[in-house]
Amino acid sequence: MPRRGKVALTQFAIVLGLILIWELGVRAGLIDPFFFPAPSTLIARIGEWMSTADFWTDVSITLLETVLSFLAGIGIGTALGIWLGLSPFAAEVVQPFIKMFNAIPRILLGPIFVIWFGLGLTSKVALGVTLVLFVAFFNTFQGVREVNPVVLANARLLRASKSSLLRHVYLPSATTWILSSLRVSVGMAVMGAVVAEYLGSSAGLGHLIAQAEGVLDATGVFAGIIVLSAFVVALDAIVDRAEKRLLVWRPAPAHEA
Amino acid sequence: MPRRGKVALTQFAIVLGLILIWELGVRAGLIDPFFFPAPSTLIARIGEWMSTADFWTDVSITLLETVLSFLAGIGIGTALGIWLGLSPFAAEVVQPFIKMFNAIPRILLGPIFVIWFGLGLTSKVALGVTLVLFVAFFNTFQGVREVNPVVLANARLLRASKSSLLRHVYLPSATTWILSSLRVSVGMAVMGAVVAEYLGSSAGLGHLIAQAEGVLDATGVFAGIIVLSAFVVALDAIVDRAEKRLLVWRPAPAHEA
Amino acid sequence: AEPEKTKLKIAVGSQILNYMPLELGVKLGAFKEEGVDVTVENFQAGGSKALQALIGGSVDGTVGFYDHTIQMQAQGKQISCVFLLNDIPGVLLGVRGDLADKVKTGAGLKGLKLGITAPGSSTDTMARYYIKKSGLGPRDVSIIAVGSGAPGMVALEARNIDALVYFDPIATLLARKKSATPLFDARTVEGSRQAFGGIYPTACLYLQQSFIDKNPEAVQRLVNALFKTHRWINTVSAEQLVDAMPPGYKTDNREVNIEIINASKALFSPTGQMDIDAAKVPLAVLGDFDPKIAAAKIDLIKTFTNRFAKRAAQQLK
Amino acid sequence: MEGQPALAVDLRDVMIRFGDFTAVKSMNLQVGETEFVAVVGPTGCGKSTILNTVTGLLKPAAGEVRIFGKSLRGLNGQSGYMLQQEGLLPWKTAQDNVGLGLVFQGSSIAKAREQARPWLAKVGLKGFEERYPHQLSGGQRKRVAMTQTLIMQPKIVLMDEPFSALDVHTRRLMHRILLDLWQADRRSLVFITHDLDEAITLADRVVVMSAGPASRMVGDVRITLPRPRDVSALQTTDEFVALYREIWSLLGAEVEKSYATQG
Amino acid sequence: MEGQPALAVDLRDVMIRFGDFTAVKSMNLQVGETEFVAVVGPTGCGKSTILNTVTGLLKPAAGEVRIFGKSLRGLNGQSGYMLQQEGLLPWKTAQDNVGLGLVFQGSSIAKAREQARPWLAKVGLKGFEERYPHQLSGGQRKRVAMTQTLIMQPKIVLMDEPFSALDVHTRRLMHRILLDLWQADRRSLVFITHDLDEAITLADRVVVMSAGPASRMVGDVRITLPRPRDVSALQTTDEFVALYREIWSLLGAEVEKSYATQG
């Protein structure tokens, strides 16, 4: 408790310090508010937004897209990772293709997805999935291969079926890997949704930001970014919860021993 | 050897099959070449490009940007991961901020980087770094904390200094984590460079693709994507090499036991 | 006099036909002749990025929409247009082929879905202005951003949207396929009048006022080069122009390219000079759309100067 | 050795290599259907390797492994094997680790726990059911691992140094449990130990291996002491001492040889 | 126990808890500067825990740990500790593992290897210098770990069941190495074992702990046998047998008690 308090206090101090410097910098004319609007303006703008119904619609749309692409991306990536992690031949064959796809700048996929999936939710989610999927895949793939060979041998000797091995050995062993990928993925899912909206849509936070950008309204852009960050922190808290529940069996982190 | 041959053969068959279906689909009028130009056209275009000096300039620019952002991103991300992995207090304080930054759609950062770093190499590299950094960070962070506590205790009991611990215990232990992040990062580095070029530049593959996109030249866009993929596969081969060298000490992957 | 600065960076927001003379000039060597070395930086994500690069000091000048000079004045930044590339916008608003019979005027758009490239972009502004001018309220038409280029075309053909605001080459492609019928076609002066009640200056070379003050000779050279390029454009045939155009501005198909040029040649202003009355149209359009601009007292005189274009016309007779 | 009818384990001229290194050169080991065999040998001679081969974890470079008369392919389905290294699942509590094999056989988790608990109590781990492996002492973990194997009541029980981490008294208790299990439903049992007393008091036969590399069997001592055997009483009998001496010297010669070649 | 001057290790009323679980209730252990102490006790009684406390890996919930008269904070800088569990670095070869402590002290890797190789030969691992831990047998790994600790020649040597994975003969060789080291430059040595013969032949004192939880010391038997001790000769002497009986029964009572409470 005292430790948590200390953490919160330090964080608060950092945030406050940054905001103060920024605000003063703007007031003193050192920072150009055309590019970096003062925090006070940002807060005012967010407050303004929050009082409109449109904003909440935008937020809920983006949230839905984010959550869907997060879940779908993690699902597909993890499944793929497990499959390839367990079948070395398939892995060797398929991996180069996966790597190649991972190289495609997602911005370029935006228009293609619009062509394939239309302007609705699906194309947004598709873009998010392409970002999340690879992170989840590579980590799960490695995680599955990192299983302690002695533990694995022991379970196999107890005559575990393939699916039992998966459930009782591979997945628990890869949990930290998968969780770690979730951390990156949360951000990626948000990014995917927003970029897709930014490229073409009629609602959502990405649209809001694009609009602000179109009229050179830096305040709107930054306010949008702040809302997004709040988003990610909220989603990440859920991952934290999952982590606590899934990893009860672990010894306390090594450095505190 | 026979196994590697089989892998190569299967890959070749897959590629050939896809190309054939695609080509035939286009010729039969099932696929609209306006959106998905036939492979033959793509190959012709790439061939055309390769005979111009401009193309090689573009390639070398993008390659330089990619490699620099890869190295810088990995460097910063890994260093940050190690630092926070080893100091739980700092980790708790700083983590939420890192997560928030990870949520910012990188497209929005493009213009800001142009303002800060100008239109040259630096702004491109900066964008790539923001993509690579987080992947490297989250994995290294987790990897450092995954150190086997008994091994760690043993090394500490042998009176290892902080830096010795890092070099002889934490880093080797986190190697698989870091390598896994490299796989995702290779793609991210390319993406960062290309997106940055796409957002604003006068040369590079991203510029080439943007140009093609502006005149609805799908052939150019796809040819560009193919060149990028070749890029990633080449860079990834280097990571493979590193992996083989760094992980000699491992038992054969568990599933082959 | 010698130019104060010889290495100059000029930004463009994506490679649309309106901006073509800049790169054409580079290609033809017009800038070299004038003793300045120009690099063109392309911002595929749009004009606002190119503008930001100018304000941030990454580039010396930008070829972008005249609108920006007004918007910037509202935000307290002095940028000024020194050479007008287009005095008409070159923009079209079309409805899907199958709706052409039902929708003949702007008022017919009521209840339909209209695609624009990006929210806040010039297509957005112009579309909203046109809707208003046609007697509709802002909520009568649902405006959807579809991105630039192919996705908009596809969205229209796939009936995701009912109408679209677009430029060439999309315009020519859509016309060939007969998948869209324009409600207005501002590639001509009449079309522009019909849509905006006057000619509508769009692309121009603008720079920071401070830069112009410090580097008048460099600016003059830039304007001279553009002036020469425009004069060249207006003397050659469409075929010659197409062959000379830089690759980023033309499609694979020469025929289409020629068709495009024939439809759009009127875009390129022969003088490069701004008419004060013409400048009032964008102000009206923007003011309608953005209350901040309406509120700000915009001094149009400060948004452009014909000084350089006039001198170019004299020098290069 | 035993009669023809059925050998639980039958290793024929088995050779085991790791790359260039020949761990075991030629091993012939026959274990009858109801036999209790102890394997002793200098450290690093290849005892664990042999058991790994019997269970199918390792493929022999030459020779054949037969289980109940059938040539072994893949994993041995008839055996339970307690590994020398720790193989407990770190993410499962003691009781869940013990019940693991049952769960793998289709039992529900609740039922498996119910069956696991009395076994844990039997090996002195009552009260530790909910502990994760890292919260147990070395000897406690060993006992959990042992129970994990025995609860499945396999036809062939293989154990690699099962009791070396236990104190003398607990070890005796474990011996009793093992003998009870063996006698109740006679099955074949092979275990590796470094404790000659233990080998002699438990086994029907003690197999002695030569020092590695390229080790082979150098002795196969039949223990004729009558059962039930009471250790404390036995240890001072002449027969016991003679057996002990025999095995001891077989082993001793081996170890010295290995030091000589290394020296 | 020893004179006042200097105790290498001095545990005073040390209590060790894991959450709600009291592993050790009150432990008093004094080890003189040149003393050789063996710790025996039922499995799970808290022996490893005690050594962890002496090295500073665990903080006692109550009581005090003094090393050479100074209260311990952080890790104990004077001791070398061979853990019960495997602590070898899997990414280092046997020789690099052995030389690890030297490298940590600033020695070059080449030099550390040079020093490590004779040590490996001494424990019978010549030819295994370049092996990674997973390529070694259980007993081989234990010997590498032992050498890793001993090469540093620490003032206080702590060992947790160092020899349990070794055959009787190799074990004797290791005893000799340990005694040589101890006699050459007398240092204090504390080791945990389950082998009473081993405890009696090596130690000056055998400390017996009660069964856990909440264990404490129940016996402190001074071994008065003259050194050098020849095991084979000793084992049949009356004195040896008497000592063995004493420790045996101290331990036995404890184990039975623990089964009774668990029963």
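All chains are identified by letter, namely A, B, C, D and E, in their written order; residue positions are counted from 1 within each chain.
Following the convention adopted for this analysis, a contact is a pair of C-beta atoms (placed from the backbone, for glycine too) under 8 Å apart; a residue touches a chain by one contact, two chains touch by 3 or more.
Owing to the predicted nature of the structure, the values given are computational and were not obtained by experimental measurement.
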item	value
Minimum number of chain-to-chain contact steps, subunit B to subunit E	1
Chains contacting each of subunit A and subunit E, listed by label	B, D
Gap in Å, rounded to a whole number, between the CA centres of subunit D and subunit B	49
Distance from subunit D to subunit C - Cα centre to Cα centre, in angstrom	85
Length of the line joining the C-alpha centres of subunit A and subunit B, rounded to whole Å	17
Multi-partner residues of subunit A (at least 2 other chains)	35, 111, 115, 153, 198, 213, 251, 257
Per-residue multi-chain contacts in subunit E, two or more chains	57, 85
Per-residue overlap in subunit C, given as positions that touch at least 2 other chains	52, 55-56, 149-150, 154
Residues of subunit B touching subunit A in the complex	3, 6-7, 10-11, 14, 35, 86, 88-89, 92-93, 96-97, 99-108, 112, 115, 134-135, 138-139, 141-142, 145-149, 152-153, 176-177, 179-181, 183-184, 186-188, 190-191, 194-195, 198, 206, 209, 213, 221, 225, 228-229, 231-233, 236, 251, 253-257
Subunit D partner contacts - residues on subunit A that touch it in the complex	150-151, 153-161, 164, 168-169, 172-173, 175, 249-251
Complex interface listing, subunit E residues touching subunit B	55, 57, 75, 77, 79-81, 83, 85-93, 100-101, 103-105, 132, 134, 145, 148, 152
Residues of subunit B defined as touching subunit C within the complex	34-35, 107, 110-111, 114-116, 118-119, 198-202, 207, 210-211, 213-219
Subunit B partner contacts - residues on subunit C that touch it in the complex	9, 11, 14-16, 39-45, 49-50, 52-53, 55-59, 149-150, 154, 169-170, 173, 247-252
